[in-house]
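Note that subunit A is present in both complexes that follow, paired respectively with subunit B and with subunit C.
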Partner chain A sequence: MSFAIVAEPLLGVYKGQVGGGQLDPLPSPARLHAALVCAAAQGVRAVADGDGLRPCDADRDALRWLEAHPPDGIAVPETLPNGGAATAYRKEGLVVKEGRSPLSEKLVGKPAVTGVAVAGRFAWTWEQDPPEPVAAALGALCPEVPYLGTSESPVRLAVAAADPTHRLDRDADLFTGEGLDLTVATTGRADALEAAHRETSVAPLLRADAHRSSEKTTAPPVVTAGLELGRYARPEPPPPPTPWTSVLLFRVDRPIPPQLRVRYAVAVHRALVALVGDGAPAVLTGVYEPGVSRPSNRCAIQFLGPDAPHVGGTALALLLPREASEVDLTLIRMAVQRLRHVKVAAGPFGVKPPVEVPADAFWPEPAVGTERWWQTEPVAVPDSRPPRGGRWSLADAAALSVALVWRHEFSAPGRGDVRYRALAEAAAGRGVRVESAVRVMDRDVGHYVHKVNPDTVIQPYRAVLSLGDLTGPRTIAAIGQSRHLGGGLLVPRDLPSDIVRRWAR
Partner chain B sequence: MTDFVLTTAESKTMLSHLALYGLAAIVEDGGLEDVRLSWTPGMSSRPVLSAPQADPETIGEIVRRHAARHDTPQSWPSRQISAGEQRALMSPRISVISSSEGWHSLQERRHDVLDQLTDARALLDLRLIAALGEPSYWRKNRQGQRLQDDGASRLEMQPRNQGSEFVGNRIRPLAAAVAARTAAAVSDGLLGHTVRDEIGKDRPDSRTPTGLAAPGPTDNALAWCALWGISQFPIAPRSTGFATTSGHIGRGTAGYFYVPVWNGRWSTARIRTVLASGQLSRYAAIGLSPSDLGRTSDDAASRGEAAREWLAHRGVTAVVRFPVHRFGSDSAPERRAMLGELLKTGRR
Partner chain C sequence: MRSLDLASLLAAGSAGGPSCLTSTTALEPAGGRHTSVAPAKFAARGKKGGVYAYEQRYLGDESRYAVVVDSKQSQLNRAEVALAQAVEDRHPLLSRVPHVRVSYERDGAVEHYYDLTLPHRVFDGHIRAGAIDGQPTTQTEAYRAVRDATPANARALLETSPVTLVFGGWDSSRRSRQGRWRSALVGEIVGFVAASRDQAGVLAEPTPALRGGARVDPVGMQINLNKKAMTETATRQQAELSPATYGDIVKAANGIKPGDAKSASALGLGGIPPTLDQLAGVACDTIIRTHVLSFATLRQMRFGAGVEGDAVCRALLAALALNALARSDAELYLRANCDLVEAEMPMVRLDQRGGAFLDVEPLSIDAADLLLSEALAHAEKAADVKWSGLAMRVTGNPDIVSGAVETDDNA
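Now for the complex of A and B:
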């Protein structure tokens, strides 16, 4: 919650015009400023200035503060523009027409219902509270504003606290990017408005005020001095929570060949369970009591190549899942401190004491001009057999595996095959793209999976994929059936942006 | 490269875009070399003309000379339909000519002007006259009455009340006003240092913008350039309906104007190719219903994506689309391009 001026449209309508009579979709910061100038110069707080009124000094300071500090954010409720399909005719005064009937009334037609229906309140917000006298002046000025836009859209204006829906983007470019482009008052705006008002409130010369046979209502010129455009953009939604929150990273004293990673991971798993001892948590063992609901992800054990970040060498990574309880995690963290050697038939190895790295800041940033894509390392294994009823490719299987890892992000209806297809589709909807998925021919699938259902065909594959907006570019994760034991680790594969753009077509 | 920034021109009024195109066309015609056009970055983007010799004096003098050349009694804007009549010969929309002798005479006198301009290699003049169009002798309604206005450019929006027409009531007085200035006063007006509306007498409801912007005081040098900017939008006369004007989609009397804004510095030739491109027209139609466009079926939506890519690949960052509204009486409607909306192509 931050300092804000909140406008409540009393009739649920906002009516305003911009330019030569076009519908204003929402009141801009400049319009708020103009309304406050008017209230300051005409309301109860104005002070005498010759025959007229002018804003008091406290209000002038408050208005100048507004010019120097454009709102950092605005809150826009849902709106619905009303078209101007109907015309309202209004008599604009009696006009003498020479030659014909002496008096004829002039009817002028204008669009009748041009306006915007508003569900809620508008707010202009500032992250820093204004100085005390400015806040006081604004607090006293706001109730003096009768309407924003035309007099047909009365508002109740007040200083309050509010959360913005859009934030000011100070580095925006007019022709690119998304957001609301709104006029904002800058230095000199209040002075320009006051000067223009003084000019139009001078009584016209008798000659200029004379009657003419065709009277036209001429609106006073629109004051454009002291206005700028500001881009108010919706903040990008934060990436969803990572499947694994942090990584315990051990440096390993010798390289681990890719085809042995599953076997080594199983050995590490056994060693860890033994170290924790009796009552090892289920997120580590993978053994759950019947009837207990299983989390999407458990502790995953992965190996990284000789250029692993943070430790600079081959590393063993223990990924701690998001859904584990604090007690379980403490048990695991205490136990792993005692891990020094791992015994494997293929060759035992030693590990250094672990460092803990947050999972969303694991990999280095992608290089400039590239986009971060991911490659399965060494291979991934589909989570299910191909569902019945239609085509199913390895790419679909990879998308499904991604969706299963980020399961809490999706609400897929149905069960079984229907649900699998829905999940794969939902992942594609979040920007998950599988660019190449190649099956790996290996006579021994035991290199890549630990336990297999004897009826299942194991189909290890290598894929290059994008995770869309599911996660940031630095997150460590693994996909597929063997993600908990040495398979399906996603390592960065930075692709030049123009190649990616060509794919997107 | 020297930059010449039109600080009073901004992307949401059609006048600003045309002023940029017209100024570039005039200074190139006047001998300035290596002219490039661009838009300044940031939220208050302004059109920029750059060239090695784009200093205010040179540009002011070229524009002033150009106006003065069209202010002489021998120039084509000063030619009258017939001796003793004020209406200009080269206006695309003039009051109805009923007799066939009148038509023959009009044609002969028009061809005479075109021959002279061709001999003089006055390419920009020819380009403007071609883009403005001509009174159409080929279009008739069911009653056999001529639909003379159907051969005119949609960008020519001079209201036709009380016999007024484009060349006589806009080009001629503007040429006189700009020619009467000094070179420095011309460039000051273009740069936005001063705003002087000689022909509109600085009135708040001055019609100097000629429908390209909301009524109001408009610098005459800027307006002069904007009207010459029409030369960059060729038309295609049609045997059925209004002439098709590049930069315009939809119904003849309303519809929408559209122009691109781009990244980097473009030559005028490049702008012309994009302005006249079908891709620009198709992308400008995005989000409009067939009835907005005066069509019966909608096949534009499916092609909008391809058009967007085509434009993005050429550096077009956005297309500005201006709805055209009608004001005033039905007999002599005043058309006006309203504030533009940005259709971004997604190019960064």
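Now for the complex of A and C:
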């Protein structure tokens, strides 16, 4: 909860206008500031200034603090806009020389219903509390504000604590992206409002006050000084927990060919199990007692090319699964410190002591102007045979593999084929998109999987895919049947944003 | 439950006092919950005929459609009319409320209009266009003082037209130093209708039911008149017809050829076959009347009486607003087919700041009169306030009344 100014619409409606009379969907920070200026300049806290009033010094300081510190966030409740054809005709209290009569009362039609219905309260929030004198001044000033918008939308304004629904994006480009672009008071706004008020407060000459036979409304001046636009954006929801929490990353002394990664990973796996010794946890061995439920993911062993991040060269990565216990993880961390050499028929290799990197901060940020997509490296292998009962593509198989890795994010009904189809569909619902999936023709499927069921047709494929909102852009993960032993690693493939937008259309 | 007393109003008029008082009342049709009510009818933009004003609202957490049974403007008008009626009736206390009267002479009869009911109160065109003792109103010192009043010192308004301070007024045609007084009292009556939603759960805007209308003439369902008879009948009824209607009938009569005759339905003769095109009542499961008296608004006014004296003056204005509210709330007849009763006691709450509230007893007219008399006596003593009834007599501009025509007020 942050320091906040909270406004409760007392009739359940906020009525305000912006620009040329358009409906104001919510009171902006500038409107709040103007209301506070008004309350400070003529409420009980104001001090005499000639034959008029001005804000006291404490309130002036508070208003200037607001100008220097626009709200870091705003809380926008659920609202419903209103309008409609119903028109109320009212006499404006003016006499005009129009129509057939020499003099008549001005009758004006205005919408009978305007404004937005509000479920709850608006709030403007600051992450840091203001200095005590400012907080005290705002606390006393807020209850002196009777309305926001028109006098038909009275509010109860108070200093309180609130959570924002939108946060100020100080680097926002107002021409792209989404969010609420609201006017915000900046330095000099209160002074400009006071000056405009002083200027219009001079009584006209006696002659200028004479009644005229045809009257017009003299609109008050619109003061635009000390205003700027601020983008308030709804924060992206935090990505769901990563399937693997962290990565133990070892620099390797020579490149590992892609077609040998599964075999090398199997060798590393054997070496690690041997280093842990008796009682090696199932989350590492992959061997579970009968009846024990299996987690979505186990320890995964992957190889990265010569530009692997964090170590700057070919690397061996041991991905530690989220579902492992602390005891098991401690055992594994202790054992891997002793890993120096891995024996493998194709040629042994040495490793450097590991560094541990958080899985959600593994890859570098996407390049500017691009969106992060992923490519299977070297290939992925479907987790199941094609389910019966309809069309099933490699793209569906990839979506299913993604869903199985993030299984805790989905509650798919049914069993077997029905469940597989439901999982693939649910992944698509979370934004998982497979843009290309190409089968890899290779007679030796042993390059891509460790154990092969004689009834299963192995279909290794390369794919470019988006993980939707399942994870952040820097997370390391792998998909498919061989994800725990050198297959299906997802490496970044940053695509230009305009191409991605074209695909979306 | 505590009753609202002068001490509460004095506290509300002082720094640190409550922001507002809210009064909420559940209403229901006088005929019972099964009967419908006739909401306020509005003009339909761009087409003929009346419409109801529906708007989306939240009832608790549920989004619903509500129909405006009585608008904010109408509710304020009712409060003002209640005060004006008491002044007309020479109520001993309310007759002392300062007010401005505009008098017109039309066809030998004198008509009076007051700032209590004119649309823009003391800044209304009728007052500004008139004269006081032969001098144009806007050129008199007394009216200039009213126009020049500001939140820094609104004493001239307090002692000339306090209703402008309570119900608001905007001196919108003045070139500068415009008086802009927001209404301290707002309110409305809305009725919630059955929530109908589409398959996506989106609220469907209600469609008003229509009722049939017909006229039966036992003499004959079709009565046709020739040109002479039509013209003579219209001329005999001219005083009862609007100029526009009379003109239309005469124009139609002039178009009747010799030996021919046309329907006299415009003169109320003959029958009208049934049609299903008139707005029927609206069934509401919940009708709520809400009023808010904003002390924060009143606290943005000073009266040249010092800190305590100014608080006394604000308490007097609050008592006047509550008096008008008590009187208008006591009359629940809004329009034909819209008789309402209070389903429960009004809930009146005084904001105590910091999320605390004080429930107080709703004010009866007698209690409101007592409160106003106490507030006035205290204001006379502590702030030298002078309330002695009619404060300004304005002779209306004869050019206006000679040009006035009867118009239908659709709002």
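The definition used in the following text is that the second predicted complex is superposed on the first by the 373 of 505 C-alpha atoms of A that agree within 3 Å, B and C clash if a C-alpha of one lies under 4 Å from a C-alpha of the other, contacts with A are read in each partner's own complex, and residues count from 1 in each chain.
Criterion: a residue touches a chain if its C-beta (ideal position, glycine included) is under 8 Å from a C-beta of that chain, and two chains touch if they have at least 3 such contacts.
Not measured: the values here are computed from a predicted model.
**Q** Could you look at A:A112 and tell me whether it touches subunit B, subunit C, both or neither (first, second, both, neither)?
**A** second
**Q** Would you check which partner chain A:G230 touches, where first means subunit B only, second means subunit C only, and both and neither mean what they say?
**A** first
**Q** So, does A:P240 touch the first partner subunit B, the second partner subunit C, both, or neither?
**A** neither
**Q** Which partner, subunit B or subunit C, touches the larger number of subunit A residues?
**A** It is C that touches the greater number of subunit A residues.
**Q** Who does A:L174 touch here: subunit B (first), subunit C (second), both, or neither?
**A** It touches subunit B, and subunit C stays clear.
**Q** Would you sort A:P220 into first (subunit B), second (subunit C), both or neither based on which partner it touches?
**A** Both subunit B and subunit C are touched by A:P220.
**Q** Between subunit B (first) and subunit C (second), which, if any, makes contact with A:Y147: first, second, both or neither?
**A** The second partner, subunit C, only.
**Q** Between subunit B and subunit C, whom does A:G468 touch in the aligned arrangement: first, second, both, or neither?
**A** Once the two structures are laid over each other on A, A:G468 reaches no partner at all.
**Q** In the overlay, answer first, second, both or neither for which of subunit B and subunit C A:A39 touches.
**A** It touches subunit C, and subunit B stays clear.
**Q** Once the shared chain is lined up, is A:P25 touching subunit B (first), subunit C (second), both, or neither of them?
**A** neither
**Q** Check subunit A for residues that touch subunit B in one structure and subunit C in the other, and list them.
**A** Of subunit A, residues 216, 218, 220 contact subunit B in one complex and subunit C in the other.
**Q** Contact residues on subunit B for subunit A in the complex?
**A** Residue positions touching the partner: 11-12, 39, 41-45, 204-205, 213-217, 261, 263, 309, 317-318, 323, 325, 336, 338-339, 342, 344, 346-348.
**Q** Note which residues of subunit C are touching subunit A in the complex, please.
**A** 14-16, 18-20, 22, 42-47, 51-58, 61, 63, 68, 71-73, 118-120, 123-126, 128-129, 136-139, 144, 147-148, 150-153, 168, 170, 172-178, 180, 182-184, 186, 188, 203, 290, 292, 294, 296-297, 299-300, 302, 351, 353-355, 397, 399-400, 402-405, 407, 409-411
**Q** Flag every residue of subunit A that touches subunit B in the complex, lowest number first.
**A** So the residues of subunit A touching subunit B come out as 18-22, 172-178, 181, 216, 218-222, 228-231, 505.
**Q** Hey, which residues of subunit A end up touching subunit C in the complex?
**A** Touching subunit C from subunit A are residues 10-13, 38-39, 42-45, 48, 51-53, 78, 80-82, 84-95, 100-107, 109, 111-113, 115, 117-119, 140, 143-147, 151-152, 154, 156-158, 160, 200-204, 206, 208-213, 215-218, 220.
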